[in-house]
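Once you scroll down, you'll see the structures, which are given as structure tokens.
Shared between the two complexes below is chain A, which pairs with chain B and chain C, respectively.
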Partner chain A sequence: MNKLKYLPILIYKEYLQILKDKSVFILSFALPLLLVLIYGSAIRMEIKPVSVCIVTQEQNSLTDRIVKEFLLSDYFVTQNTPDFIKANEMFKDEHFKVLIHIRGGKKKDISPGIEIEVYLNGVESQLASISLNYINQTIKSAFTKAGLSTSGYSVNIRNMFNEANESVWFLMSGHYVSILTLLCMFLGSFVISREWDRKTIETLCATNASATEIVLSKIIVYYVLTVFSIFILLVTGQWLYKTPISGSIILSFVSLFVYAFEMLCFGIFLSAKIKSQFNCAQIAVVIGFLPAVMLSGLIFDLRAVTPIISFIGHILPPTYQVKAMRILFLSGGQSLYIMFNILLQFTIAVILIALTVRQVKKDCK
Partner chain B sequence: MKAVIEESILRIYALIVKEFLTILKDKSSRVILFAPIIVQCFIFGYGASYHLEHVPYALYCQDNSKEAFSLLMKIKHTPKFEQIAVCDDMHCLTDKIDSQEALLGIYIPENFSKTKNIDILTDARNTASANTAASYVTQIIDENNSKNSILNFRYLFNPNNYTRYTILIGMCLGLSVIQVLLLSALSVCREKEDGTYDMMLMTPSKTYELLLGKAIAPVAIATVQSIILILICNFYFAIEIKGDVFSLLCLIVLFDLAIVGLGLAISTLCKTTMQALISGFSCCLVLILTSGLLTSIDGMPDWFRIIAKMNPVHYGIYAIWNIYLEGKSIFDILDLLIPLAVLGVITFSIAAYLFRHRIDN
Partner chain C sequence: MLIDIKDLEFSYKTKDRGNICVFKNFSFCLENSYKKICLTGPDGAGKSTLLKLLTGVLKPAKGSIKLRGLTPNTNDRHFIESISYMSQTLGLYKELSVIDNLKIFAALKGLDIKDSTEYLYSLLKKVDLLQFKDRQFDDLSGGMKQKIALLCAIASKPEILILDEPTVGVDPLSRKEIFSLIDEYIGTNEKSCCIFSSAYLDEAATSDFALILEDGQVILKGETTDLCSKVVNQTYTLEFSKNEKPDIRDIFSLTSRYIKNSPIIDLNPRLGQINLTVKENTHKEDLIDFLHENIKKDFILKKRECSLEDVYICYGMKNHVFVEPDFIKNMNFQKSDDIVVQVKDIKKKFGNFVAVEKSSFNVKKGEIFGLLGPNGAGKTTTFRMICGLLTQTEGEILVNGFDLSKAKNDARKTIGYVSQKFSLYQNLSTKENLVYFARSYGLKRDVQKKRIEKIVKDFSLEKFLNTKSGELPFGVQRQLSMACALLHHPKILFLDEATSGADPLARRKFFDKVLELSSYGTSVIVTTHFMEEAEYCDNFLIQDRGKILILGTPDETCTKNGKRISVKQAFVELIEHNRDKEDENEQA
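Take a look at the complex of A and B:
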């Protein structure tokens, strides 16, 4: 192994460099903590409670029943008033999110003879559609209890792989992927560009060490840091949100480790290519943050977006990792796909290392 | 007195020119300031949707009645729904969902025409899309049964309830947060690393002049970016500006000014470019994710909502929604602007304090 003679020395150099500037530690230890807390708590899909105002002009047993149903439900904070104009003004000033207007009926063909008008504020569109879902169900249940039926069919909805219908569960497995994407790319993006900014790259090139050794030493040292980050991330994440793992725990770990390795290599490749810390960090943020959150199917389901976006999503590695993590955490099984994913991410990592070495070699000449 | 002010303005002006030159002199950083923003705008515009553009589903029907058939035809001919498989047993149905080919499984058991039972299986590995898809089906089934719906609903300010409206308009400010913070966080650090910091201190500029000069360039760049984004929203995505343009511009400038103090504070505290970028970026992430832009504040735990209330971006985003989508003017939303201004003044004073004390060292 004469080829890698200088590798230990270079690793020692990187180690000293990290000790000198502690901000790398902040990045690899504090940032995963912070991110897991924020992602887990801030990105939720349930909205509880929704503030509602019900306007009832006429009192009868059915309207009473509906209002009572809303008051009893812990999904809503309800107020009740007969004054529509005042309620409408308060709605415009955003004192509550939904306005429901129940009118005693003129329509003869509907048995209870009432009409329900729901006004939602479309500015927060997700909140609006979730609230409408809740309202729909509550009103239906009020009708059923009053002995009236809105629909002849009874529809049973079963949520597979996540019986509790808890959004943290499905989001958390994806959050691990997006946090790691961001972290590793960000960490990697400084590694070689910093040498350029400080103009120490020439000194490095002038030594006897080959480009392969330079790149490998950096990858090894920073990957050790990444491994610590993954542990911190998983331990805090599992401790705080108690996401169940249905699949193999070992495979989940292996899968995440390989993925983090790939993302680190990508960050380092970027830093070799772009050579300026500011530009590199910007690009890492833009492509690290975006595809991992928007295009990987983490929040927005790729099965349901326009084909072009779905296509772009399927070219990017995070998409496959998110899918694999969801299988590992929530449904289990499908080990063939998990293996395929690990292999895929690893191959990309190797290609990236080769590209980085080529780039550094070219620049050193 | 007049001469003193004139000189001071001249010095600030010189510093602003210098800042613009450092930021814009490099071709690649010019590209990086504008290209990603525009790309992101389009990706957010098309990709960010909690609605489902198409719903692939698998079907398992054990009933041969006419009623079941008509219901199935109704579902099949709904434009969004795409039937990808017809199964002969339950195992096949769950399999299609497990492999993520189908979003929904529809199961119609025997004697459907008598019992009127329908089972719907969803892939709750993504609860958001599962719930939305389930609500679509329930709606179709309900409509099939009763011709007149007694429940009418109306979305104000966003009649079709597009997610795009919410997210893109919020992003007009959200994306500029990233720019302002990173640029201002870098402005002092870059000088330290390049060794030009002492030269800057040797100029006759006073501390507050330095601070102002450093603040203007990031604010100006971020404002231009926000305007570009708003133009794309208005002309390309055809989201109509309901409020007046003047209010919108005032909001953008005020918002950027409120954020820039934070960036400058970071910049004076950090020693290297890397530290500045890391802290600046961490701040960005916290600010954007807790602002209620991607997911509503009402979904967060109580203690987290307090953090969100201290977040200037939260006020900015709600203010731009109010102006752009609801058509309010800047005077109607003082309850949002005053906290924004107060937070801006606080961060700016902190930056000024740090700036003065760090320079003395």
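Take a look at the complex of A and C:
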């Protein structure tokens, strides 16, 4: 108890400062609104190549032609198998994004009654709708080259996992993560560096307040602000885009709150390390924005990028959070992974707090 | 022992110049009996660093420090509660109110927040600032801020007050109040003492023990009364009859700074006469001979009681590198009647607040003109209006014949400006700064090169050409800032508290430059809180609450009952008198 004797007065100080400083308010209330609008309506991208598996139960010149067309197109990475059951399982495990099942037709006789079923992984609906055009064109071209009329087949399309086919649903869960990353790091980046810029840190250190108390008071007050920001973010996001939450709502919240906490701690750690508001804010934006958007698998599938980038993506916390949010929002289940993720993010947060305290201690305590 | 430092070693890390060693093998001891200890010395001597080391905010790389037997450590609550530290930048929260700042820092030093409110109010009442308790700290004037910061330090009733330049940038009136607050505190608390740094030697002279640092070394230390005896036979006053008085510009270059074998170390105008400080073992007869030879006027040479400032100058000059001047000595300065700045009835309002009221004055060619006044008197506003950085609400300003409201750019080309904060580009090197300013003044390439070469030599900046200006010692930044302002050979030079925080020696060199410029015909307009600098002025005005209270030559304005008094005394008396009168009128 005695150890944190000065925590209340420091919290009171931070509270007063925030009341006076309008920029912090703007940051924590206006920024989530702005970002959710921008991200939700502007970031929609396509991915290439699309992995395809073609199941051909009967082989004939037409099926060969279709497979060949897919192999030749640089838009697809194609596999060919006669085993539908195995292929279907792999599809569910997301080994590939599109499953094409060609049914009907005889070994020699290629003409009528051929039926082609296309299964799309609707979780990534953006990808699904764009690739559908290409799939259609590729099949058409195979028919033409085989000298057949394009009216001689029917294509049945089935969207799996995201039946309403909303790209924003798939992206939104990840957007929440990247918005929080940017916001919390940005907010945190001012916290200790401001004391350095205004040279108040020396006076503060020449008091009874310990480094732990200083750091904790800041984290507590700013986390309260962050909680408000998360509410604004989620309320606006859900109101605008109505993303369904298939998994546990409580877990989704806990997961986001823990993640935001971690990112705030990271921002505060940066601000203790860099000591200049300007530099720190710049760095926070760059590293808060880039990994969360570019390297987390949110937009660019980590399975499609070069191994080194994929590796970097996998050592960064946002990647796991993005995956967890997707599971929670779109498919539900896998609660073990969700729990693991919460624990992971929380552990990193605690390590970051320890590092921040150490840094402050080293600098002036 | 009050202070016990053994083999202290400390260095700073910088990006450009690697580790800069501040202290090496530094040892220093001081008895417990001293109550007021002053640290002084030039910029970059290590004063602030030493105070921070004593507070425990910085930690020594090697060696030991003991303050009343305790090792400075900000994690040791026993130690922390026994001291209070006031940093040069004050370190208070500018967006918070006065009382919140006081409360927070008092509470963080272990005072009970609930019981302390009355006590804090009584402190505020003592310095007459209770009515400002809810004012945002940032909205206070410079002097008030300093007082509040001092109260924050005193509030926790520490044994040792550590104050880093508690009066920098503060007017004489507030300085007086700040020091009476300090004196009262250490006077009433038996065990308490105060360690402070200051660039004002008159403040240093009020301490029991003074320590002069230079480049991390103690160059002089001792009880203040003993120190003054060190130069006891080296101080004189040169008196002239009224009509015979030579212009300071004709004689300032008689010192050993310009004439290698001159017996005079320092020469400066004080109390309407000329104060001299001469080399050790100079015979009076030799001095008289030298003076006769160089000043063709009748004078009386009198011995003068020496001050700590004389001691400082004598010791400081020992390390001075002699620079061959390239201007003509004894140039016989001719006063000109050309008016370069004409200010007619200007007024400036910010909202409802009248910052400057109906001010008029003229500045002539080659004149040194001073603007004096307490913090918040409207000096800076007046100053900024003449420079064209602010537009007046009413009235007219002519600069070199250009009406500022119509031909701002033409007028600006003829002026140079050195601000208190130096406005250099911190990330650019000395040379890059010079080139940048030369280009922005539109100098041609070949002219640029010549001017820069010349100015680098004039201001001895050769050593620092490739150093980032942000990492230069403060004194060099001041030099560079002035160099940048002079590149385009302005007709008027504006110096806005440019010597704030500078030690006497740096200020002497600075004013040598000002006198040199003025004798070539450049008009110089200065604002300053060092009242003795006003003695260099041909004319100065004293302003308070937006109004000009007095305007004239130093001799005209500083005479009381037929006797010449110091500018400081005249200033303090005038302001106090004026404020009393105004307050009376208000009540009536």
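The rule is short, and it goes like this: the second predicted complex is superposed on the first by the 250 of 365 C-alpha atoms of A that agree within 3 Å, B and C clash if a C-alpha of one lies under 4 Å from a C-alpha of the other, contacts with A are read in each partner's own complex, and residues count from 1 in each chain.
Rule of thumb we're sticking to: a contact is a pair of C-beta atoms (placed from the backbone, for glycine too) under 8 Å apart; a residue touches a chain by one contact, two chains touch by 3 or more.
Fair warning: this is a prediction, and the values are worked out from it, not measured in the lab.
Of the two partner chains, chain B and chain C are each touched by A:D21.
When the two structures are aligned on the shared chain, A:A292 is found in touch with neither chain B nor chain C. Of the two partner chains placed by the overlay, neither chain B nor chain C lies in contact with A:I353.
In the superposed model, A:L62 lies in contact with neither chain B nor chain C.
The larger set of touched chain A residues comes from B, when the choice is between chain B and chain C.
Of the two partner chains placed around the shared chain by superposition, neither chain B nor chain C is touched by A:C184. Residue contacts after overlaying the shared chain place A:L225 against neither chain B nor chain C. Once the two complexes are laid over each other on the shared chain, residue contacts for A:Q277 go to chain B alone; chain C is not touched.
Annotation: chain A residues 21, 198 touch chain B in one complex and chain C in the other.
Put simply, chain B touches chain A in their complex at residues 26, 28-29, 32, 36, 39-40, 43-44, 46-56, 94, 97-100, 103, 105, 116-135, 137-138, 141-142, 145-146, 148, 150-159, 161-163, 165-166, 178, 182, 186, 190, 193, 270, 272-275, 277-278, 281-282, 284-286, 289-290, 292, 294-296, 298-301, 304, 308, 321-322, 325-326. On the chain A side of its complex with chain C, the touching residues are 6, 9-10, 12-13, 16-17, 20-21, 198-210, 361, 364-365. By the touch criterion given at the top, residues 52, 55-58, 74-75, 77, 80-81, 83-87, 89-96, 100, 104-105, 107-110, 113, 136, 152 of chain C touch chain A in their complex.
Per the touch definition, chain A reaches chain B in the complex via residues 21, 23-24, 26-27, 31, 34-35, 38-39, 41-50, 97, 107, 109-110, 112, 114-130, 132-133, 136, 139, 150-163, 165-167, 169-170, 182, 186, 190, 194, 197-198, 274, 276-279, 281-283, 285-286, 289-290, 294-295, 297, 299-301, 303-306, 308-309, 312-313, 323, 326-327, 330-331, 333-334.
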